[in-house]
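Below: the structure, in C-alpha cells.
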C-alpha cells in the first residue's frame, strides 16, 4: 500500500478530482497549503501591478491506495493537473510514501480492504 | 410615496461657462431651460432624514455583497462581491447621466425624459416641494434624485444572486447597465413617476413590484436560461462564510430602514409607521422561519434566520407606508412560510437559482404586493378592497411580464453576442482566479 | 430622559375593520379607546434624529453578534451570533405585542398595561409631545416605541455572552422571552415610565441600571448556576476571530451614539452633550486600558482596547445626559481600571462568565451609575449630592437584587424543565454542528 | 465650510463646583469666562444631520481599519487595525483636551487657543449660529467640535497605511499624538479657522489639503525614511483578506457622506450637493479604475475597484461643496487615472508606501484640490479662475511643505529616541505576535 | 517508529484527544482537511433543505510514536472516533507510515526518545 | 529520498525558510496546523490575563529531498527554529519519512531529479 501525496495548483482541483473519479479512485483527503518549487512568478495583480509571490497557494491531496492502483492514480493526477499541453511551472509534484497499515474506523477493518 | 413634486428653482444655476459650452458642443446636447419658481423654505429635518436614508440605502449594497459573498464557494467570493460593487460603479454613473431623467422625466409611454435632468444639471440648485405639518416646504431636489439612485443601484445587484458563480464579469456589466435602463427605469417610471400608467393605482411604497419582483423574475429567467452551475445539484455547494452572510443580513436590516422609511420623502408620521412595520416584519419573518425549521428539521439554522429576515423585509417593502403593525406581523410570517416552501419546491424542480433571488425576493415581493391589500390602514380615498386587489395584481403581473420578457431578451442577446456564462474550466477554477486574478482570503494559505 | 409624554392623537385611527373585529373576537381583547387630543406640529428634525437613532441601536445587535462571535471558538461562532439574532426575532415581536404596553402603560406596581399599546394599535397615528426651543411640538409616538424596542432587544442579547458556548438554543429562546418580560420590562417601567417608583430619583439616562447592570447580574447568575464550559479553565479557549471582534466593537461604538444621544428624545443641546460624552468616554476607556496593559504586561492587546471601549461606553450610558466632558473622561478611565481588575479577579475566582458580561457590563454599569454623581453638570432642581448618591445606589441595588433573583429563578426553572445547558458531547462537537447543523466558515476546509 | 461662528451661550454653565475648583487648582488652569449671548432657537434638523454626520465619520475609522487590515499579511492584521483604533483612543482624548482649542481658538499664527475650549468646558452649553433659510438659528456648539474631532481622528489613522507592517506600537502612538497636535491642528487652524491665513482663499470643503494631502505626504516621508518592509520588493506581500478590504471600502463610502455632506454644517442645498457629488465621484472613480484595468490587464480586480472608489472619494473631498455633477464625474475619473499611474510609478521607484497612502490620498487629494478649479459651480463672489487656481496651488504647497517637513522631523526624532521601526525578528514574526501577543484568526488553526 | 495519520470527523476531535490522553499519548499535530471516503451524505441544511456535500470537512491527526505504542494509539482513536456503537460512514481512517527518524528541535535529541 | 516533515513555531517560519534557502533548499510545502508536544504554556493574553492554550498554532513544513541532503536540511531547520540559544519548549519536531518516488507533474520526470 502506498500513500500518494500530490501538491497541485488550486484551480486544477476539480479537474484532478474528476480525473481520479474517472479512474475509479474516489477516496481522498484534501487540504490547503502553500509552497514553492521551481515556480518563479504567478501572475497576480496587486493594485494593477504584477507581483511575484513567495509562497504560492497550493492544494495538497493525500490518497492511500493499494500497490496496483499507484500507477493509475499517479497518471490520472499528472494528466489532469497540467496547465496546457506542456505543463507550466508550479503545476506541482507527486510524492509516494510507503504505507504500512490502514484501518477503517467504522468497521475496524484493516489492511488492503480498508483502503 | 408621493410622485408629483413641483420643481422649484432656488437660485440661478451657474455651471461653469466653459464646460457648459464645451459639453453642449461635444455632446450635441441642448441647453436646458429652467422656469422661475417661488422660493420655499427648506425643511432641514426632512432633508436630514432623506440624506441619511440615502446613506442607509447605499449601506445595503456592501451589505448585499457580504450576504451573497458568504453564501458562495470560497473560489467565487470576490467575483460575487464584485457584482454588487460593479452596480455601485456602473449604475451609479448611469443614473445621474440618463437614468434619473428617463425615470422621472415627463412622458407617458415607455419612459420619460427631461433635458434638465440630464446629468442632473437642471436640478442642482432646485428644490422639491413637500408638505410639512400642512405647510409647503422644500427639500433639495438632488437628495430625492440620489435616494432614488440608490434604489437603481441595488436592484440589478439583487439579480446577481440568481446566476452566482457562473457569469463572466464583462458580460455581467453590460447586462446590468442595459437591464437598469431597459427594465428598472421603465418600471420605476410607470409606478412612481406622476404620469406613469400605474401611478396612483397599485400601492408600491418602497419597491415591491419595481424592485423585488422585477429582480426576482429577472433572476429566475437568467437562471433558467443559463442553466445550473457545473456540478449542480449533484455536488453540494457549501457557503464559504455564513458569518459574513449574517453580518450582511444585519447591515441589510439597518439599511432597509432608510429604504422603506425614506420612501415617505418626509420625516413624519408615515415615516415612523414605515420604520415600525419594517422592523416588525423583519422580526416576524425571522421568528417564523426559526419556528418552521425547528418544527420541520428540529434545527433552526442561521441561514434560515437571515432568510426569514429578508423575506419579512421584502414583503413589507411595498406595504410599508400603508399597513398596520398587525399586518406587518402577518406579512412577515406569511412571507417566510411561502418562501420556505418555494425554496423547497425549487430544490425539487432542480433549477439553479443559486442564492434564491426568486425564492426570496420574487416570492416575498409578490406576497407583500398582493397581501398588503388585506392589512391596509384606513385612509381617505382608498379604493374598495376588490379594486385595490386588482390594482395590486395588475402591478405584479406587469412587473413579472415586462421584466421577465425583457430580461430574457437581454440574457439571450448578450449570451449569444459575447457569452454570458463561464465555461467549465473557468467555473472549476473559480471566478476569483479566472476572471479577476485574485485570491479572496490570503490568510487561508500561508503568506 | 423625560418619561412623561402626553399622548396626542393626530387623526382618527382606522384599522381595517375586518381585521379589527376578527382580531378582537379571536383574541378576546377589548376594543381600545382613544381620546381626542390637540393637533401639535411634528418636528421633523427631532423625528429624523429619533428615526436614525433607532436604526443605530439596531446596528448594535449585529455589532454585538460580531463582537461575541469573534471571541468564541470556531465551532460555536454561528450559535453565538444566533443568540443576538434570536433576540432581534423574538423580542422584536414580543415588544410590539405586549412589551411596550407593559413597560410604558400606566400602572404603579410591577408593570403597567394599556390596551391601546397592545400591538401598538392605539398609537399608530398618535403623536408624542416634546419641547423644542420652549415650544410644544411632537414626534410620532411609534418612533419612541421603536427606539425603546431596540433597547429591549439588545439587553437579553448582552446576557448571552456570560453563558456562551454552552446553552441550548430552544431553552435560550424561552429564557430571553421570559427574561425580557419578567426582568427587563419591569425595570424599564420602574425607571423610565412616569409612574415607575424609581422615576425622577435615580438618574439613568440611557440604561445603566435598566440595561447593563441587569444584563450583567443576569449573566453572572446564569454563569454561576450553569457552571463552566467543559474544559474551562484548564483548557484555554481562544477567540476564533479577533478581527471580527474589532469590527463589532467599531459598530457598537457607532451605534452607541444612537443609544445614548437618542435617549434625549430630542435633537438639541442635551443630545449633543450625550453624543459628546459618549465619544469621550469610549476614547478615554480605550486609552486607559491600553495604558494599563502596556504597564502591566508590556503589551497592549486589541482585545484590551475594545474592552476599554466597551467599559467606557457602558459607564457613560446612565450618565450621558448629565455629566461634563471632564466627567466623561474620568468615568471612562475609572471604568477601565475597575473592569480590568474585576476580570483579573474573575480569573482568580474561576467562574466562567465567558465573555465577561458581568466584568464589563455589570461592573462598568455600576461605576457609571454611582460615579456619575461626582461629575454632574449643574442644573436646576437637582437634589443634594448625598441624596443623589443614595438614589443612584438604590437604583443599582434594585437592579442587582431584582434582576439577580428573577434571573436565577428563570435559569433554574428552565434548566430543570427542559435543560438549558448543552451536554458534554454537544459542547465538544460545538453548537454550530450539534444545535444548528451548520458550519460557520466553509472556507476553512476546502469546498 | 463656514469657519466663522459666533458663540452664543444658552444657559449658565454649571460644572460641579468641587471639580471645577479641584481641576483649576490641580492643573493650574485659569477659570474660563463666558460672555452672555442672545438666545437663538436650535434648528433640530441641522442638529440631527450634524449628529449623524459625526457618527458616520466615526464609522469610517473601523472602516479604515478593515480596509487596511485586509491588505496586510495575516501576521500583521491586528497590529494594523490597532493603528486605527489607537487613533480613536488617543486623538479622541487629545482633541477634547487641547486639540479643539488649538485648532479653532483665536490666534493668527501657528495655532489658536481659547481657555474656554480647553476640555470643551466653555462650550458644553453653548450654541453656534448657523443660517437656515436666511434666518439665524443655532446648533449645539459641541456637535461641531465633535464632528471636527472625528476628522482629527481619521487623519493620522490614514497615515498608518504608508508604514504598515513595520512600526512599533508605542512609538506609533507617540507619533500620532504629536502629529495630530503639530501637523493636523495647525493646518486645520490655517484653513478652517476664521483667522487662519488660508481661510477664505483656498477652497477645501471637507479636507483635501488639511486631511488627505497632509496624511499622504506624511506617509510618503515616513515610508522613505523608515525604508521598506523586510523582504520588499523581492518577496510579494499578499493581502490577507480582500473580502474585508471590500467591506471596509463599503463602510468608508457610506461614512464619507457624513464626512463631506456634514462639512456644510447645514442640512440644506449645499449639503445635498455635497452628498451628490460624493456619490457620483466615488462611482466614477470605481468605474474608471475598472475600465483601466480591463484595458490594461484584461482583468478588473476587486482591489482596483475599491482603489477607484477611494480615489474618487478623496478627489471630491475638497471640492464637494462647490463643483457640479459633471465636475464630480470628471474628478473621479481623472483621479483614478492619475492614481493608477502614480502607483505604477511607485512600483518602479521601489519605495515601500505599503498601502499607497501617498498614491491614493496624496495624489487624489492634489488632483481634487487643484482640479476643482475647473469645475466650480457658479457663485457670487468667487475670485477669477487664475486667482482661484493660485489659491488652490498655494494650499497644496503649504500642506505638502509644512506637513512634509514636520512629519519628517517627527519620524526622525522618534526613531532616534525610542526606535520607530520594528527590527527584523519582530517583522518576521509579525506585529500581532511580537507586539500585541495575539493571534488574529484563531479559526485558521484548530482550537 | 511510526507516523500515525488519522482522518476523523470534526465533532469527534475532543473525544479522540481525550481518549489518547487517557492512553498516555499527548503529543499530536492537528490540521483541517476535507475528504471523501465511502461517505455519501452528511446531513447539512442549506436554507432548510438537506444537501449532499462533496468534500466533507474533516480533521487530520498526525501522531509520531514508538512501535510499541502504535496499537494503543490506533485503538484509542478507533474507540473514540466512532459515532454510536456501530460507527457511521464518514467516521474516518487511520494510516500508519514508517518513520525513520525524529528530532526534537529544542534539545537536538533524535530517535525514540525525541518522540 | 526522504520526506522531511517539520513542525515549528509560526513566528519562526521566515527564519527557517531563509536558513533553508541559504543551505540551497528552496522547494518546500507549508501548511497550518496546531499541536501539542511537551509544550505547556505559551504566553497569550486574554483580556489582560495570561492563559494556557491547549492546541497551539504551529506551522508544518514538508520537504522532499535526496538522501544526501537530509542532514543539511535537518540541521538548517534545527538551527533556525530555536528560540534563543537553548531553545524553548514548543520549538518543534522534525520527522523523517522514507520517500519511494517523486514525480514532477509538469515534465512527468520522476525519481531523484524530480525532487
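Lettered A, B, C, D, E and F in written order, each chain numbered from 1.
In this text, contacts are C-beta pairs under 8 Å (C-beta built on N, C-alpha and C of every residue); 3 or more make two chains touch, one makes a residue touch a chain.
Treat the numbers as computed from the prediction; the structure is a model and nothing was measured.
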| item | value |
| --- | --- |
| Set of chains whose contacts include both chain F and chain C | A, B, D, E |
| Relative to chain E, chain with the most remote C-alpha centre | D |
| Of A-B and A-F, whichever chain pair has more C-beta contact pairs | A-F |
| Distance-maximising chain from chain A - centres being C-alpha averages | C |
| Homomeric contact chain B-chain C: same or different residue positions, threshold half | different |
| Recurring contact interface, reference A-B, options C-E, D-E or A-C [over half identical by residue number] | C-E |
| Chain centre separation (chain E, chain F; CA means) in Å | 20 |
| Rounded Å distance, chain D centre to chain F centre (Cα mean) | 44 |
| Distance between the centres, which are taken as Cα means, of chain F and chain B, whole angstrom | 52 |
| Multi-chain contact sites of chain B, meaning residues that touch two or more partners | 43-46, 48-49, 52, 75, 77, 238-239, 241, 247, 297, 299, 301, 303, 437-442, 444, 446-447 |
| For chain E, residues that touch 2 or more chains besides their own | 13, 30-34, 44-45, 55, 58, 97-98 |
| Residue ranges of chain B touching chain A (in the complex, touch as defined) | 75, 425, 428-430, 433-434, 437-439, 442, 444-447 |
| Complex contact set, residues of chain B against chain F | 446 |
| Contact set on chain A toward chain E in their complex | 3, 26-32, 62, 64, 97-108, 114 |
| Residue ranges of chain A touching chain F (in the complex, touch as defined) | 2, 5-8, 31-38, 55, 58, 60, 74, 77-78, 81-82, 86-98 |
| In the complex with chain B, residue positions of chain C that touch it | 10, 13-17, 19, 23, 41-49, 51-52, 54-55, 58-59, 61-63, 65-66, 69, 77-78, 81-82, 85-86, 88-90, 92-93, 96, 119-121, 124-125, 127, 139-143, 145-146, 149, 169-170, 173, 241, 244, 247, 267, 435-444, 446-447 |
